[in-house]
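Next come the structures, one after another.
Here come two complexes built around subunit A, the first alongside subunit B, the second alongside subunit C.
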Partner chain A sequence: MGKRFRIFMILGLALCVGGFFASANAAGLVDPATGMKITEIHIGDAGAFTGDAASPCMEIFHSAQIALDEWNAKGGIHGVKLKHIMGDDAMDPAQAVNVARKFVADKLMFGVIGPPMSSIAQATMGIYASGNLACITTAVSKPSLTEQGYKNFFRLCARNDSHGWNCALFIKNYLKAKKVAVLNERDAYCVNMAKETIKGLKKLGIKDILHETIVAGAKDYSSVLTKVRVYNPDVLFFVATTAPDQAIGVRQAKELGIKATFLGTEGAKDVKDFIEASQGAAEGAYVYHFAPDIYAIPAAANYVKKYESKYGTISGFGPTAYEAMNILLAAINRAAADGKITRKEVIQELHKTKNYHGILGFPVTFNKKGDLEGGATYFFKVVGKKFKQVAVMTGK
Partner chain B sequence: MQRFFAQSRSVKSSWVAGVALVFILLPHFMPNGYWLRIYTVTGIWVMLALGLNVVAGFAGLFDLSYIAFFGIGGYTFALLSSNQLGIHLPFLVVLPLAAFLTMGVGFALGSTSLRLKGDYLAIVTLAFAEIFKLMLLNLETPVNITGGVNGIYGFDPINLFGLKVRSPVAYSYLIWFFAFLVTFGTYRLKNSRYGRGWEALREDELAAEAIGVNTTKMKLMAFAIGAFVAGTAGVLFASLQNSVFPNNFDFPQLVIVYCMVILGGLGNIPGVIAGAILLSILPEFLREYGAYRMMSYGLILIILMALRPQGLLGEIGFLSKKKKRPDKDETGRLRASTELYYENGKVVPISRERKPVYAKTDKIALEVKGVTQDFGGVRALDNLSLVVHEREILSIIGPNGAGKTTLFNLISGIYRPTEGRILFEGQEISGLKPHKIVSIGIVRTFQNLRLFSKMTVMDNAKVGRFCRTKAGPISILFHLPRHVKEEKETEEKAREVLGLFGTRLTGYRFNQQAIFLSYANRRRLEIARTLMTDARLLLLDEPSAGMNPQETKEITEFVKFLRDTYGYTILLIEHKLDVVREISDRVIALDYGVKIAEGSYRDVANNEKVVEAYLGRKGHGKRAGLKI
Partner chain C sequence: MIQGLILPGQDMHLFLLELPQQLVNGLTLGGVYALIAIGYTMVYGILGMLNFAHGEIYMIGGFTGWWVLHLLSRNHQVFMNSAAVIFLMIILAMIVSSFVGVLTERFAYRPLRNAPRINLLLSALGVSIFLRNFVLNYQGAKARTFYVSSLIPKGLQIIHVGPVVISFMRILVIILTFLMMGLLTLMIKRTKAGKAMRATAQDLEMATFLGIDVDRIIVMVFIIGSALGGAAGVLVGLLFTQVDYYVGFQAGLKGFTAAVLGGIGSIPGAMLGGVLLGLCESLAVIFLPSEYKDVVTFVILVIVLIVKPTGLLGEKVPEKV
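Then we have the complex of A and B:
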């Protein structure tokens, strides 16, 4: 035991000494509160990089990494290099708290990308707030998160409730409808979505609305759809969760001779289970989605090329993460302009983010709560066997 | 750790004081909030692992619902001290409430699944855990109870008599305080009749039941105590996290707790604590490496388990030096117990100070009335009736398959007779559970030796006392007078009973595992175990099987001595006719489940049917006969 113990001790000492020299090289930023030299700026990335959600989370990580590498290639911030640090929580809120504590304790860390899950954001946002550490999440849509008064929490994706308003805008302004039928399933998301849309339509002056509920997984919607045919609306908004249900809906609507334009949910953005399953009935139908068709945005071409050459196809979570990292680093850059930097300054600068033009196809502004001003909902039209992006609504 | 408990009181208390001091100072020496957090969470994991150790380690039950109990504790706290349902009970009410509620659920789940063993128990408990998780996920509509995937958050701060627990340091004290209580509690349980009962149950359920351990109750208690600890940990965890979500209580967490217990060594308390500490710190070093994290974590676990399959501290300590063992010679070769026994060329006399005082009477002790036992189409016993008199030594002989052991299984309650009744001292016992029959006064040994081989000689003997002791968990945890008195009495009784066999089972052998005993000594220990139960009727199934002539002679004398000096009634199955002739008051011969002869040894041995049963039908005019 004595020998082994000595080896451990020597290894431990070597690590300490190595760590000291690695961290002690000179650079040009200072934390005014402690007088500590900032030798490297750390950006945390909290997410479930192992487990069931690993693949979208890794897309977030890789995309953010691309943005960070671009900044490093330009010489970092104020001459200081940037480092992207993974904090894996395996989708377990308890482990996510460990990650948050770790990031907060890291004195070189000035911002975090993530966390991308509602429950985990809820469990950790208080800890990030206690450390004044700014977080930009790219995938959390639960509205109540930004209603709790935390100043450090930003999101670059739409809240669930903003999709409703954006759908109303789309129906009124793009589809030019006057008479709308809204059918929704009885689950929390769909009920809420229908409610917000109807509220928005009324606000926009559309009073002629038929509202009915449907049952998830029912293979036959003809009784409800017969009602819709009699009502004869311009738009049929079919608020169901899964693509197969909406394929049945669109097909039966066509069979019954309903002329209304069909609008489906983000669940329907599935070539196989919606377009193909509808046997042609979906042609010309619309669906909304939280993620843009990144291939349709010219500004994103460079990012797409870099990502696809290294990691394969983009599923939808990556572009927002790339944008989030850029927005975060831009804020840090502004905060560091005077050669000093604190975490509070980074939060203040993030709040000042206004009309940032990146790769998402619309200008980004954070409101007071840290939410994306207006949210962003993308609309696609079924053309042949493809979804073609036709509009993005950002609350206006 | 056994040595730890053998230390004097002052040494022990200075140890405790030292450890306590370290833990009081530790939170203040954590480099930052991160390590303080890891330290605090480790306390939760230690509690969880120790609770699971009671179920899986002590009692050997493969319980996959354990993490659901953790969740029940957490959600109970969440619902009773938050705005979710608008209920705000004080922490000191919620904690016991949640813990006892979880215990109740554990009890209920245990009672429905007790007949299941191994894989089947695992499946049922896994299903329970899944149902629990689905309930958490779906009980948000139509009435929002659990908050679904978004969980419940924002709890009332813990208030202990006006002292608010808010800071991370305060939490670390609170949680480690409970972790210590659990450690302490599980130690006390382990070194009690409960601990021995569980260990016996884990080693050999049938033997445990047959020696008087209420296995049903012990399983339920293990379930309930495990759930109690998990529920308590759940409350503390929920409060620490200030939120609960379904994926806090999911399968991966269960796997981690199992890893901790298995890595540490099932049933070994310091090992399990070490496992919990190791596995809560290890992943932190790997958090930055994503997919590599799981790979390296897995690899480390595999290497550790390959090096120490019995766990870090399982069985023989990892760091402790090998003890000098008296049963090995200088070269390390294991010495047979008979070598020790005969080493001076003379038989060590057994101390039997008391004079023989008892003899056979005519009072009926056991009455078997028209008992029939069918196994499918095979009739093992056919309308058998017999009587055993008080303080009689009655031998049952018969060829293989005659139904002798079946008779024992019926009397001891392992089988329920197809037909007929069995009475002991006038009381009907057929249909009672084996442990019940032991407490009524009948105990048995097994033909193929069923000792608890990983338990010490002393503990093997002490298990026999289970049915005569009554101390419950409260009594054990708080060392109430009943427990203390019973433990003392059990210890004395065990020393006395093992002492009957002279040096064979005493001295250093007290702490030797039964598996290291010689064959003959195992037979002796099994008899010693039965004597601990205070039974009046002993059923000995071939006590001399596998013994050499010298040992056979000795065990024969010993059986006689038990009757003559202590007044036991003895029913004996024996193949060695020398033994039968030597000690039997009466002999009954069975063949094909039917009694073919009864009477003195001489009468039975000369009975034609008996001779025929043993040697086959006489054919060539030459008269066959058993040696008389």
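Then we have the complex of A and C:
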């Protein structure tokens, strides 16, 4: 009896001592709002990881993962490891709402990368705001999203009002067009982008504009493209979200004998789903994008090497995601410096981001609304199986 | 005043420039709608149910065609005779689609044959959701591209006829759709099986008394309807070069509308309805902004149903006593 009691005592003591050392080893990080000990910091990644936009979204995810891995390799934040959690909405706002609720309910989550689509952001930003969860989107460009007073929403790309104006400038000054056809899909981003571009074109004195609507996923645009052919514009601006839709658009336009220069959106900057899927029709077409040619920026070389060794070529959605993750983690790091961290603190720290020099080739500063200051649009031409950067427009 | 509205007379030269091309566009689309509508109308004619899973059968046909093309090409180049490849795509899609059609009949509809019609309808909706998600699960949500440019020699790909540009694929699709419709009409009119089908459609019970194996006829209807739907899936894939798990929804809706427009239950009606629907959609774009395309289609449907509730070629079946 006594012997057994002694064994229990020793075991118990060993457990206590072990426990003490274990707790002393992990640097304590506490959320004072809930009093909870933070054992792991979660970063959400909301996007359409399945579906027609899967390839840009996966590029976003992998790139953000590279940044997060680098932080973990340095020991995490305040001794706490970081974990990147995927939330797939399949481009469906209803599913996105579930993702947002799940992220908000996760007490270990202190920031979100994404969502990358305007319609999805529109459906979920209120939920993220109610949970004080900071979101950095890498691709959402509908202007009104940052005009609603939400403090937790940041974007690392220019807004449609800049893009639209820049596209109008590109169409007028670079493509020298006098007559323009604008086709847009009926969703938050496309409708707004078309509207802003047409506004810009009119301001630049181009009055000959045909504006028509297409149905996404219909796979047949020949009737509306026939109308475009008769109109005979110099430029056809095809405003759709995903690359497969624009591949069909450029192919059917060619097939009908439309001579206009094809200008696609940032979604089309995808070698496989746009250039290859168009089966040769995309040659000579242009696309705009919010990110510059990453291969030309020396500071990005390390990221490019890491990405390409694992996932192949970069289309353009990845670099901003890498940058966004770094900016977010830097803010979390500053918020956690005192051993305490709350979601609100993370938002406050993000607002202090000024002249952050990362891999994008321009300094990142967020204004009061959470928008990127400045805001350039980059233009690429399809040459063979590559996108060649041909122009940068900065609103002038 | 709707912005972008073009009235005849106001811009007549534009209208004349656009018309022939839109007729070609409409005819292609209409042929495809007609093929899908036939599946709806045949099943309705015999079972009195709307087979909402038919759009999914069409989608599965498209995927089958994609796989055949994919397996028979390397680096987007086919390594077999192109005519043989297209033939195989269509035949295999028809086989797979009719197989799926027969399976749905056997397991989802036959057990409910004597249940109220609404149960059958719900079962069909369930099958539709199941098939769509099954394909989503196993094929993914991303659109698949049909790499068709190696199928047709460069010089033949696009043909100019006056102001009309017509691709070889379009000609092929128009010919094949109308050929299939012609064959079906012959079969229904001339063969014994066709006669039995017509008899079953007219009065299922009476047909049983006359020694017609009704179960066999129903299976046959599902085979034919699904095969045509599957063929339509491949033809659209060849023409528009993409298929994804969701294409069945829109195609099903259009096929169903075409069937109702032509008079549901009537096979010539489905053909007429499909072609008319395709033409209306394309021609509407000439006068109206393209966002009103579907509005025009459905306005026409409503008007036809008000004037002739049974549809264009639908017959009023006398009440069974």
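Definition applied: the second predicted complex is superposed on the first by the 223 of 396 C-alpha atoms of A that agree within 3 Å, B and C clash if a C-alpha of one lies under 4 Å from a C-alpha of the other, contacts with A are read in each partner's own complex, and residues count from 1 in each chain.
Simple rule for what comes next: a contact is a pair of C-beta atoms (placed from the backbone, for glycine too) under 8 Å apart; a residue touches a chain by one contact, two chains touch by 3 or more.
Just so you know, these numbers come straight off a predicted model, no measurement behind them.
After overlaying the two complexes on the shared chain, residue contacts for A:A90 are found with subunit B and with subunit C alike. Of the two partner chains placed by superposition, A:L204 touches none, neither subunit B nor subunit C.
Residue contacts after overlaying the shared chain place A:Q279 against subunit C, while subunit B stays out of touching range. In the superposition on chain A, A:A296 makes contact with neither subunit B nor subunit C.
When the two complexes are overlaid on their common chain A, residue A:A54 makes contact with subunit B and with subunit C alike. In the overlay built on the shared chain, the residue A:R251 is in contact with subunit C alone; subunit B does not reach it.
Overlap of the subunit B and subunit C contact sets on subunit A: residues 50-51, 54, 90, 186.
Touching subunit A in their complex are the following residues of subunit B: 31-38, 41, 140-141, 148-151, 153, 237, 241-243, 245-248, 250, 252-253, 283-284, 287-291, 293-294, 319. For subunit A in complex with subunit B, the touching residues are 1, 49-51, 54, 58, 61, 85-88, 90-95, 97-99, 101-102, 104-106, 118-120, 122-123, 126, 131, 142, 144, 186-188. Looking at the complex, you find that subunit C touches subunit A at residues 4, 14, 17-18, 21-22, 25-26, 29, 76, 140-143, 145, 147-149, 158, 160, 165, 167, 236, 239-242, 244, 246-247, 250, 281-282, 285-286, 289-291, 293-294. Partner subunit C is touched in their complex by these residues of subunit A: 50-52, 54-55, 90, 186, 211-215, 217-220, 222-224, 226-227, 229-230, 244, 247-248, 251-252, 255-257, 273, 276-277, 279-280.
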